[in-house]
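Below: a set of structures, written as structure tokens.
Both of the next two complexes hold subunit A, though its partner changes from subunit B to subunit C.
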Partner chain A sequence: MEKSIKWKDRFARLNVPIIFWGLLLLVVILGFVSPNSVKPAHLLDFTRQAAPMILVAIGQTIVMMIGGLDLSVAAVMVLIDVVAAQMMMNDPSRAVPVALLCLCIGMVVGLVNGFLCAVMHMPSFVVTLGMSTLLLGVTLLYSGGSPKGSIPDNFRFLGTGFAGKIPMAAIVWLVIAAVVILVMRFLPIGRYIMATGVNPMAVYQSGVDPVRIQLTCYVLCGLFAALAGLQISAYIGTASLQLGEDYQTRSIAVALLGGAAFTGGKGSIFGTILASLFMVVMSSLIAVLNMDAGDQNIIQGVIILVGLLLSGMKKDD
Partner chain B sequence: MNLRAFIKRHDNLFIVYAILLAVAVVGAVSSPRFLTGINLGNIMEQAVGLGIVALGQVLTILLAGIDLSVGAVVSMSTAIMSLELSGGAAGILLNILLTLAAGALVGVFNGFGIVRLRIPPFIMTLSTMCIVNGVALKIRPVPGGSIPYEFMDLLFGRIGIFPHAVLLWAVAGALLVWLLGSRRLGRNLYAVGGNPTTAALSGIPVGRVRMQAHILCSVLAAVGGICVAARMGSGDATLGETYSMDSVTVCVLGGVSLFGGQGNIVGLLASTFILTGISNILNMVGVSSYYQYVFKGLILLVTVLVFSIKDKQKG
Partner chain C sequence: MKKRMLSLLSLLLAGMLTLTACGNGGQTTGGQTDEDMGDAQAETTDVGEGMVDTSQFKKDGPYTIGFSNISVVNTFRVQMVRELEYAAEQAGVTLYTTDAGGDTSKQVSDIQDLMARGIDALLVAPGSTTATNAVTRKAIDQGIPVIVFNSEVEDESAFTGYVGTDAIEFGYVMGKWLLNELDGKGNIIVLDGTAGAGVGEMRHQGLQKALDELPDGGKNINILATYYADWAYDKGKQATEQALAAYPDIDGVWSQGGAMTQGAIEAFQAAGRPLVPMTGEDSNGFLKLWKEAQSEGFKSIAASDAAWQGEVALEAALKALAGEPIEKYNYIPVPTITDADIDQYVRPEYSDAYWCNTKMPKEVADQYYLE
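Then we have the complex of A and B:
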């Protein structure tokens, strides 16, 4: 008896996000339904498929930590994909400068969002919705409705290549996520972000400008959306106008599943990564079940709902 | 009340109607066909569906909530309406009843999740959106089916320049003005939207108010969907996608605060026509329709910026 309590204690201290059990459950179900899908190579492939979602959802989580929300991430991703393909034009020497330009575009979008939300006190929902529509228009005008160009192989390596058995895409997000987690944990900015979400006034009184923290978060979100866009470009190798739609609301769902809340002051990068993997495995499970589009949508909605209920959404209003 | 005080009190409304006027002037200047009866009728035809959906959306936004599932309800409505259940013009009545019932059911589902399970409206209605889209795809996997010509004519035949469906829109609008202005539900809605805790402490059944608002919102979305179906003449499970965000845009432009408890539906008339008018003008002038997104986004951003600067000055 004593021993079991101890185990429980030790377990509680690990603080495993609930979504981890959801992910495990999905993998087990997938294993029963389609044993081939849980072979190591296939499991590693999940870490590649999840790369864009993980990157964009990290940004979304950071913005949600300060009580904001960014509906423009999907539009940024599509814009970046189109810009990258059209400007790289399959020329390997252009890969690095264009990629840097794309990251700048993402940060500028984030800066405008942040300025309107944090400085002008406009609701983030409206600002980023307007920005999303605006960027969609810009993307369509820039590409003329039928984007051209393609991504050179040296850049595509980041999306499709392998280092040994490990997909490069996974290495990319692992490195980026590790940096973000370390920064959030050990640098003051991490605590300021959380504190700004809970009580900006208190942050102000402790001598830090909460507006600057909020601006930083929106810029970071734009940056991560651009990274996600580049990751998608590197994987598919061409420009596409259709790929982003899923990410607009789903990145928010992922952040929520990972422990963030609309009220701010909550969220975990680690949880968000697990939730992104959860989404990818869910899509894969739905795919192997061979259902029609209607059933797929219904199942997705239900799984997200159940996931949210289990993640203890009850406590937040 | 003197004029200046009146304008100051309703300045959001003046702003949005001024934008509408500007859009109309731009339209009239850029194309001689813009102000013709036929074209104005076309604009109204396009606006009715969105207008009715936005009338529902406003109820959830007044509660500081949101309903992202209205677009899916519109899709599902066109799917149900296009089922040829029983022959004849009168048979469409069954489709209408089914559509409205399905809408109400979605509202109950949203309300249940938000009130009982305490899931935030954004994510609850997002999940509902997924599910309802799925149901719509089950009913009509590919666009098709047909709606009796008599029914299309009933809604979109014209008296003068006015399509009949405008009457439906007007009735829905009048109903909401009445509900929000002089009924208990309206008063409770503003109270809960302003501050749910205070509202609950003063004995307002917060849960019931939310439930009613979501049911009404989804039913209005279904009515909007019926109009869209009658205009298209067939069913399409992806037709409604844009209605969710567009209806929110209409509400925000119309001066309804996303923080809840503030705003009324008078501005919605103007903002609905602004959104519809922009794409109409671009079509008439023959400019790339991609500009409509740029203009939509800019107008939304600039208008809300003006609202927020103004509120700041007021303190």
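Then we have the complex of A and C:
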């Protein structure tokens, strides 16, 4: 008896997000249904396919940690894809400056969101929804409805290339995620973000301006949405007004699956990454089950709801 | 307790958000096909079979025509509107255009606004099979002929004439070509649009029709997997990557959208697998890739939704205003592009956003699409 408690304790100390077990379970089921899908090469494929989701969801998680929400991330991604293709025009020498410009656009959008939410005290839900519509308009205006251009191969390498057997896209998000996780864990800003989500007053009393923290979080969210947009540009190589629209809602679902909450003060970058992989494996599994549309949606909904329920239980411990 | 309730509430909300993401339906179309044409014929025998008497709308020009569009958020619809605007300019009519941004209730008020501005005829590209029916019926009562195009509505009293391609035929044409390429046997994957979207489901029915027509009823065609890739490039590519990993033998790809087929070709090439016959659409991005891949022995067919259908709708409206009989249902036969005539259509100097089956003259297209 005593032994089992010890084992449990040690296990709890590891603090594995519950979504990890969900991911593992899905991979095992996928292995049974379609053995080819779990060969190492394809498991590595998953790490590339999840790249845009991981990037955009990291930003979403950071904003949700302070109790906010960003409904403009998908609109940023589409705008960035269109701007990138149209300005790079397949010219390798323009790749770096245009990419930097795109990151700036993302941060400016985040800054405006943050200003309206944190300084003007407007609800993030409404602010970012408005921003999303505004950006859609900007995108249509800028492209005239029919975007042009394409992404040069040197930049596409980041989305489609390989370093040995490892997809470049995976290396990109691994590096970025490692930086974010280290910053969140070891720099004071990480603690302040969480604390702002729980009690901004307490942060204020400890001598840090919570408004500045909130602004930082929205700017980061815009930056990560821009990174996700660039990742998609590199992946598809062209401008498209029709990128997977579900990045918006799914980025929120993924953050929640990873341990975030609408109430703020919670969330895990590591959990968000696992949840993004969870989504990719889930879509692969559902496709190989070969069901019709209705069943596919029901199964997806059930898997996500069960995942959320489990993540929610863990959070209340 | 309060916290618990809050977290439960948030879970519920998150679930709902995700579900809407999953079932994010596009536009829907009515189930009316050729069979429904019988009713229209019965009431209008005096002007010819399937024709509508429009003498009540007869009016002298010059004309002002209203166009209520549901949305322009994809390149096909953008070009469809451009072709209509160009045709209106050529015909010397004034065209008022409204865009409902995907919101069906806004489309109703848009139509009311157009009627208030004093239009002689109304063109509607609807976002719903039912939402606009009451207001268009009112327009007809006021002597404004209503031509619905691109997507059908349910109530025959709510429009004077319909113009569009048949989505089932669209899927059927592609399916028939692919099954013929495969000699009626082999493993295929299916790239569908958005789950639950009317057009997508009808195109898929067309594939089923082609399967049923095979001498063996499609027994030897094995559909390995069906992916709902939302007509999007990135999703089509991801889906094909997943399929390539799961299935060592894929003999063909039935894709109902050009951007998804582009993604599929890229996925096959990246995986180092030989290209198999794939179906596509007349988007220039796909045609450019197809042309390039012809040297690798790639074969395809591009079905088209006819970006110029607005022009046909405009012609019908002008006929109605002249009091000449028009067809109740004018189904444009689905135009196709094949390996034999791709060179006439592909425009390497234009952007991917151009749709090749067009009636826009080169000078006009140059303004919009030259890279």
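As a working rule, the second predicted complex is superposed on the first by the 308 of 317 C-alpha atoms of A that agree within 3 Å, B and C clash if a C-alpha of one lies under 4 Å from a C-alpha of the other, contacts with A are read in each partner's own complex, and residues count from 1 in each chain.
One rule holds in what follows: a residue touches a chain if its C-beta (ideal position, glycine included) is under 8 Å from a C-beta of that chain, and two chains touch if they have at least 3 such contacts.
What you see is a predicted model, and the numbers here were worked out from it, not measured in a lab.
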Joint occupancy of subunit A by subunit B and subunit C, clash or fit: clash
Partner chain(s) touched by A:Leu309 [first = subunit B, second = subunit C, both, neither]: both
Contacts of A:Met120 with subunit B and subunit C, given as first, second, both or neither: first
Partner chain in contact with A:Thr238 - subunit B first, subunit C second, else both or neither: second
Subunit B versus subunit C as contact partner of A:Ser132, first or second or both or neither: first
In the superposition, subunit B vs subunit C on subunit A residues touched: C
Which of subunit B and subunit C A:Gln300 touches, first, second, both or neither: both
Touched partner set for A:Thr272, first subunit B, second subunit C, both or neither: neither
Contacts of A:Leu141 with subunit B and subunit C, given as first, second, both or neither: first
Partner chain(s) touched by A:Asn290 [first = subunit B, second = subunit C, both, neither]: second
First (subunit B), second (subunit C), both or neither touched by A:Leu256: both
38-46, 92-100 or 164-172: stretch of subunit B that collides with subunit C: 38-46
Subunit A residues contacted in one complex by subunit B, in the other by subunit C: 136, 140, 145, 249, 252-253, 256, 261-262, 292-294, 296-297, 300-301, 304-305, 308-309, 316
Parts of subunit B lying in touch with subunit A, wherever the complex brings them together: 66, 68, 113, 117-120, 122-124, 126-139, 141, 237, 245, 248-249, 252, 258-259, 288, 290-298, 300-301, 304-305, 308-309, 312
Complex contacts: residues of subunit C adjacent to subunit A: 3-4, 6-11, 13-15, 17-24, 72-75, 78-79, 192, 195-196, 201, 223-228, 230-235, 237-239, 241-243, 245-248, 259, 262-263, 266, 270, 285, 351-354, 368-369, 371
Of all residues in subunit A, those that touch subunit C in their complex: 34, 36-37, 39, 41-42, 45, 49, 52, 89, 136, 140, 143-150, 160, 232, 235-246, 248-250, 252-253, 256, 261-263, 283-284, 287-288, 290, 292-294, 296-297, 300-301, 304-305, 308-309, 312, 315-316
Subunit A residues touching subunit B - in the complex, by the definition given at the top: 116, 120-123, 125-127, 129-138, 140-141, 145, 249, 252-253, 256, 261-262, 292-302, 304-305, 308-309, 313-314, 316-317
